[in-house]
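What follows is a pair of complexes built around subunit A, which joins subunit B in one and subunit C in the other.
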Partner chain A sequence: MQLLKSYILPRVVQWAVVIFVGVTVTFLIPRFSPVNPVDEMIGRMTAFQTIDPQAVVAMRATMEDLYGLDGSLLEQYLAFWRRLIQFDLGPSFQNFPTPVNEFIAAGLPWTVGLLTTTTIISWLLGILVGSLVGYNQHKPWAQALERVVIVVYPTPYLIIALILIFIFAFYWPVFPMTGGAQGTPAFTWDYISSIFRFGFLPALSIIIGGFAFRFIMAKALSTSEVASDYVQYAELAAVPKRRIVISYVIRNTMLPHVNDLALSLGAMFEGALIVEVMFGYPGLGSKLFTAISNADYNIIMGIVLMSIVGIATGSLIVDLLYPVFDPRVRLR
Partner chain B sequence: MGTIIETNNLRAYYITNAYGVERTVKAVDDITLRIQEGEVYGIAGESGCGKSTLLRVLLNAYDPPLTVVGGEVVYHLDGERVNAADMTEEQQRDLRWRTISYIPQGSMHVLNPVRRIRDSFHDFISAHRDVSKAESFALTANYLRDLGLPEKVLASYPHQLSGGMRQRVTIALATILWPKLIFADEPTTALDVVVQRGVIQMLKDVQQNEGSTLVLITHDIGVHANLADRIAILYAGKLVEEAATQTILESPRHPYTRFLIESLPSLDSREERLSIPGRPPALDRPPSGCRFHERCPLAKDICKTIEPALIEIAPKHFTACHVVEEELSHASAV
Partner chain C sequence: MLTTLRDLLRFSLSFRFGAFILLLVAVAVATSFFAADPPEKRRVVPRKFRGDPPSAQYVLGTTALGQDVFWMTVTGIRNTLIIASIAVVIGRGIGVMLGMISGYLGGMTDRVIQSIVESVIVIPRLPLLILIAVILKGGLTFVSLGILIGLLDWAYPSKRYRAQVLSLRERDFTHTAIFSGMSTRKIVIQEHLPFIIPFLLADMVSGFVFSIGIEVTLSYLGLNDLNSLSLGTQIYWANEWSSIYAGKPWVMIAPVVSVIVVAAGFYLVSIGISEYLDPRKRLVRLQTHAQADAAAEQAADPRKEKE
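Right after this comes the complex of A and B.
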């Protein structure tokens, strides 16, 4: 009970405040933008044909109502919240009147599938290899590996993706260049294996980038751990090296890693924009990209809102898990 | 009672080479000593005199820049002479904790902060013995009870224990496998006197229960007086005097030792204590001749140029000082 009141409750309140502020800012920013989506829409419709001015006025009124752009800012804001609570994100501007929900629902499984696997793989691999290199920092193999990763790390995503496309989809076409899967969605071997085949290169490029980042982080953290008194003492006592790496080095660097994992998983709803665009992967990232180029505010807002909730929830979970990973965190 | 560990003309230097500037710190210079089985051997000296370096080398646990440039460390294990330098890494690992153990300086941070005490014990025990978790927990619980430590520390994390308790847990952790030879580096430093007393008592218990050999390093002569059978005085990387504790305390001969003993506060006299003039020498450029001559009120010309040898001035009382040597030869001449 004390735990709930003094540790969990304040963090849940903080979580709610973060989401509230995030949603409010998301609501305000497009409304300060000089582009009015209704004008855009009407402009597009009247570009090649003349429409009766009265019909245009009527159309404007209908559209403002639909887009939630009628009334004062406050009225719009309240209506925005009302719809949000019912999970109604409005229609897409570009593909009117398909609801934004449908768009997100179509992209979500691809992105979640791709990013959950790649994040977890690169996280585990990065920590393990980075910590091993940090622990064996004077060994030649560790130094060689570190040099390789230091070159890979600052290489932009899209260059890694391009190289992979060139090698594995163009010169030596073992993997398809674009798309998410082949055939009609069904529980068949063909369809499911095609998901893996199409996802392989996007996944590999994300894993390479994510691994390099986590490797460098784990290496830096474990280097200072190795110099600590307790690691030195366990070494002196000839405690097996495997035990030292896992229970002494990695275990003591877990806090930042758990933080990173939760935030990365929370940020998943933004999609992996660059990779998805490069590989034509049908996830949230390519949806977001199309929406941005078409000023499709409702889709942008829908994705940003999910991302806000995702990241806030991720950090809430980390906060609640801290005491599990470090007994020194007081439950206050 | 035989010798358990000896050093012969041991020299261990810190050799660093930064930006082409080579620097050699002679932290242990020509030290020969024999430590007997079952005794408490105290090593005393001021900060930076090479105490901890000597211990590292005795323990055979040192990494560059610390390098043994001469002499040897020899263990006598089950009647066999083993040169420390000839041991493989595997042999060294086998020896640790089962035969040779170490209580570190500043035990505050030697316990893994995210591991319960009993799990740390299990890590250390299972590294050398084939035991299950339950067996090592039982072994630990028994041992802590014997040493009078409360059982609840087993399930605690290090940060939940007081400094004194952490030190005692560390001593228990170092001695859980009943090693024959225990090295303790400043085990009572940073503890207040009341806690110190408990820790000293515990060290005594551990040492006496199994008749282990304890090599005790501290600058605190009071702790030595309490525990040690023999004391070696180190000055600037050199052994300057070695004798039974009683002898060192009551009739020290080397001028440095005399200063050291005279500076101790006593209950009977209230006069102000003198400190040794000057400062300890830097070990990368130690003084010529006797390393103490710059601070020694008795220094003669010979002290500035010729290094005094360690000689036996009375049975089992060794000292390295030209002045003492001269006095002795005069006495025997008369």
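Right after this comes the complex of A and C.
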């Protein structure tokens, strides 16, 4: 009960605040921009064809209704929320009248699958390797590895993906360049193995980027942990090195990592978006990219809202798992 | 200032490397002003040299459209850095202000600001940036893109400044200053700002890494001013004209390598400065100043002795 009150409740409130801020910002951006999206859209539609002026007026009214642009700002805001709660994100413009929901539902499993797998792998790998390097910081292999990571870490995901495409899909074509899977979706070996084959390079790009970030943090944390008295004592007591690293160093640096995982989900998601675009992976990123080139405003808006809610919920789940790792929170 | 620079160069390997890279970048930026023709102009290179690999005359090769990749790249680096500088100044400006307000005022203001900051950290920025950039499409210039990136990159920094302010507020010298009747404004400006500024410096340098990455990403999606040169738009066009498939990889390699090198340079410098600011390492450095070199060597690294 105490845990619920002092830990879980504030996290849930924070989750609500994140969604509130995110939705409000998303609502305000188009309204405070100097360009009116409706004018923009009509301009684009009438650029290549002549349309009856009356039709333009009707179109404008429909679109203002669609965007929720009639009424005062407050009324618009309330209407925006009402539509959101009903999961009504409006129709796609390019593929009228398919609802945006369907597009998002088609892309979501790919993105969630890719993101979950890569986040878990890069997080665990980063902590393990980073702590090992922090513990053996004077060994040549550790220093060499650290130098490589220091160059990889500031490199944008886009560039990592680009280089992987050149090497493994173009010059030495062992992996397919674009797509998500081959064949018809079925529970067969061919289809499932093709998911892995197509997903390998996108996943590898995200893992490399996420790993570098986690590695640097794990190395910094474990370096200060290694210098502490209890590690020195354990070394003097001839505790096996593997045990020192895993049960002492990593166990004691775990909390900041869990805490930080919740905060870094957003960055990983951004990486996943751009990597999907690069590989034509059929997730939300590619849908977003197609929508950008078609100026399909409703889909963009839907994916932005979706990602805010998704990432906020993901962080909430990680935060709620925190007591599992921290006995101080659990036992209070 | 000069002593600081000397210490940094002497004690931090990463700073030495980073400073060297940034020096090269600075030379590249300076060179970009001497381009004979505007580098984005096409059909500058004589017809028989178009689409040639790197040679003595065209160091980084040429594009099939008759542009000199070397001039494109140095100009691209310059423009990317202009965008990043604007973003960094705006982002850190907001960050410092919010962090200081939050840290000094405390109480309810602090709680409200902090919960907004926490939310902004969690919210993925790229989709928001894409939404804004799509709406402004066509109207985006380097300046507005820089402002846009800056407006979304202040949450993490502000948290760090707040932590800094909170610790400064509890130091003895702050209490001494308060009891001796110093006004709050004076304490902030004379006593605390000197502590904040080095942090700001390290933070600004690392802010470049993020801004360069976002610029390249947005440009790749076609959301920058595509008629001007930046590292991002250069990659966009190299990709658009499929330079790799056409067997002209140098058009793509030059901007890609530049992004990696420039970002690594800024990152290395920021590591160097943060190492310099780390109080434990600072202690080591002070000892080194005082003692003879041989003794200092041991003090700097007690683990070495043990091994």
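Here is the rule we use: the second predicted complex is superposed on the first by the 288 of 332 C-alpha atoms of A that agree within 3 Å, B and C clash if a C-alpha of one lies under 4 Å from a C-alpha of the other, contacts with A are read in each partner's own complex, and residues count from 1 in each chain.
Basically, a residue touches a chain if its C-beta (ideal position, glycine included) is under 8 Å from a C-beta of that chain, and two chains touch if they have at least 3 such contacts.
Values in this document were obtained by computation on a predicted structure and should not be read as measured data.
A.B. asks: Identify the partner contact of A:Gln182: answer first if only subunit B is touched, second if only subunit C is, both if each is, neither if none is.
C.D. replies: A:Gln182 contacts neither subunit B nor subunit C.
A.B. asks: Which partner does A:Asp229 contact after superposing on A: first (subunit B), second (subunit C), both, neither?
C.D. replies: After superposing on A, A:Asp229 lies in contact with subunit B but is clear of subunit C.
A.B. asks: Scan A:Ala237 for contacts with subunit B and subunit C and give back first, second, both or neither.
C.D. replies: First partner only.
A.B. asks: Under the stated touch criterion, which partner chain does A:Asp326 make contact with: subunit B (first), subunit C (second), both, or neither?
C.D. replies: first
A.B. asks: If we overlay the two complexes on their shared chain A, which of subunit B and subunit C does A:Glu270 touch? Say first, second, both or neither.
C.D. replies: second
A.B. asks: If you stack the two complexes on chain A, which partner ends up touching A:Thr116: first (subunit B), second (subunit C), both, or neither?
C.D. replies: A:Thr116: touches no partner chain.
A.B. asks: Who does A:Ser247 touch here: subunit B (first), subunit C (second), both, or neither?
C.D. replies: A:Ser247 sits against subunit B, while subunit C stays out of touch.
A.B. asks: Which partner, subunit B or subunit C, is in contact with more residues of subunit A?
C.D. replies: Per-residue touch count on subunit A favours C.
A.B. asks: For subunit A, give the residues common to its interface with subunit B and its interface with subunit C.
C.D. replies: After superposing on chain A, no subunit A residue contacts both subunit B and subunit C.
A.B. asks: Over in the complex, which subunit C residues touch subunit A? Could you list them?
C.D. replies: 14, 115-116, 118-128, 130-132, 134-137, 139, 209, 212-214, 216-217, 220-223, 235, 244-245, 249, 252, 256, 259-260, 263-264, 266-268, 271, 303-304, 307
A.B. asks: Please name which positions on subunit A make contact with subunit B in the complex.
C.D. replies: Contacts found on subunit A: 228-230, 232-234, 236-240, 243, 247-248, 251-252, 254, 325-328.
A.B. asks: Okay, in this complex, where on subunit B does subunit A touch?
C.D. replies: Going through subunit B, the ones touching subunit A are 59, 61, 92-94, 96-97, 101-102, 104, 106, 108-115, 119, 123-124, 127-128, 157, 159.
A.B. asks: Okay, in this complex, where on subunit A does subunit C touch?
C.D. replies: 14, 17-18, 20-22, 25-26, 29-30, 33-35, 37, 40, 138, 150-151, 153-159, 162-163, 166, 170, 262-263, 265-267, 269-270, 273-274, 277, 288-289, 292-293, 295, 297, 300-301, 303-304, 307-308, 311-312, 315
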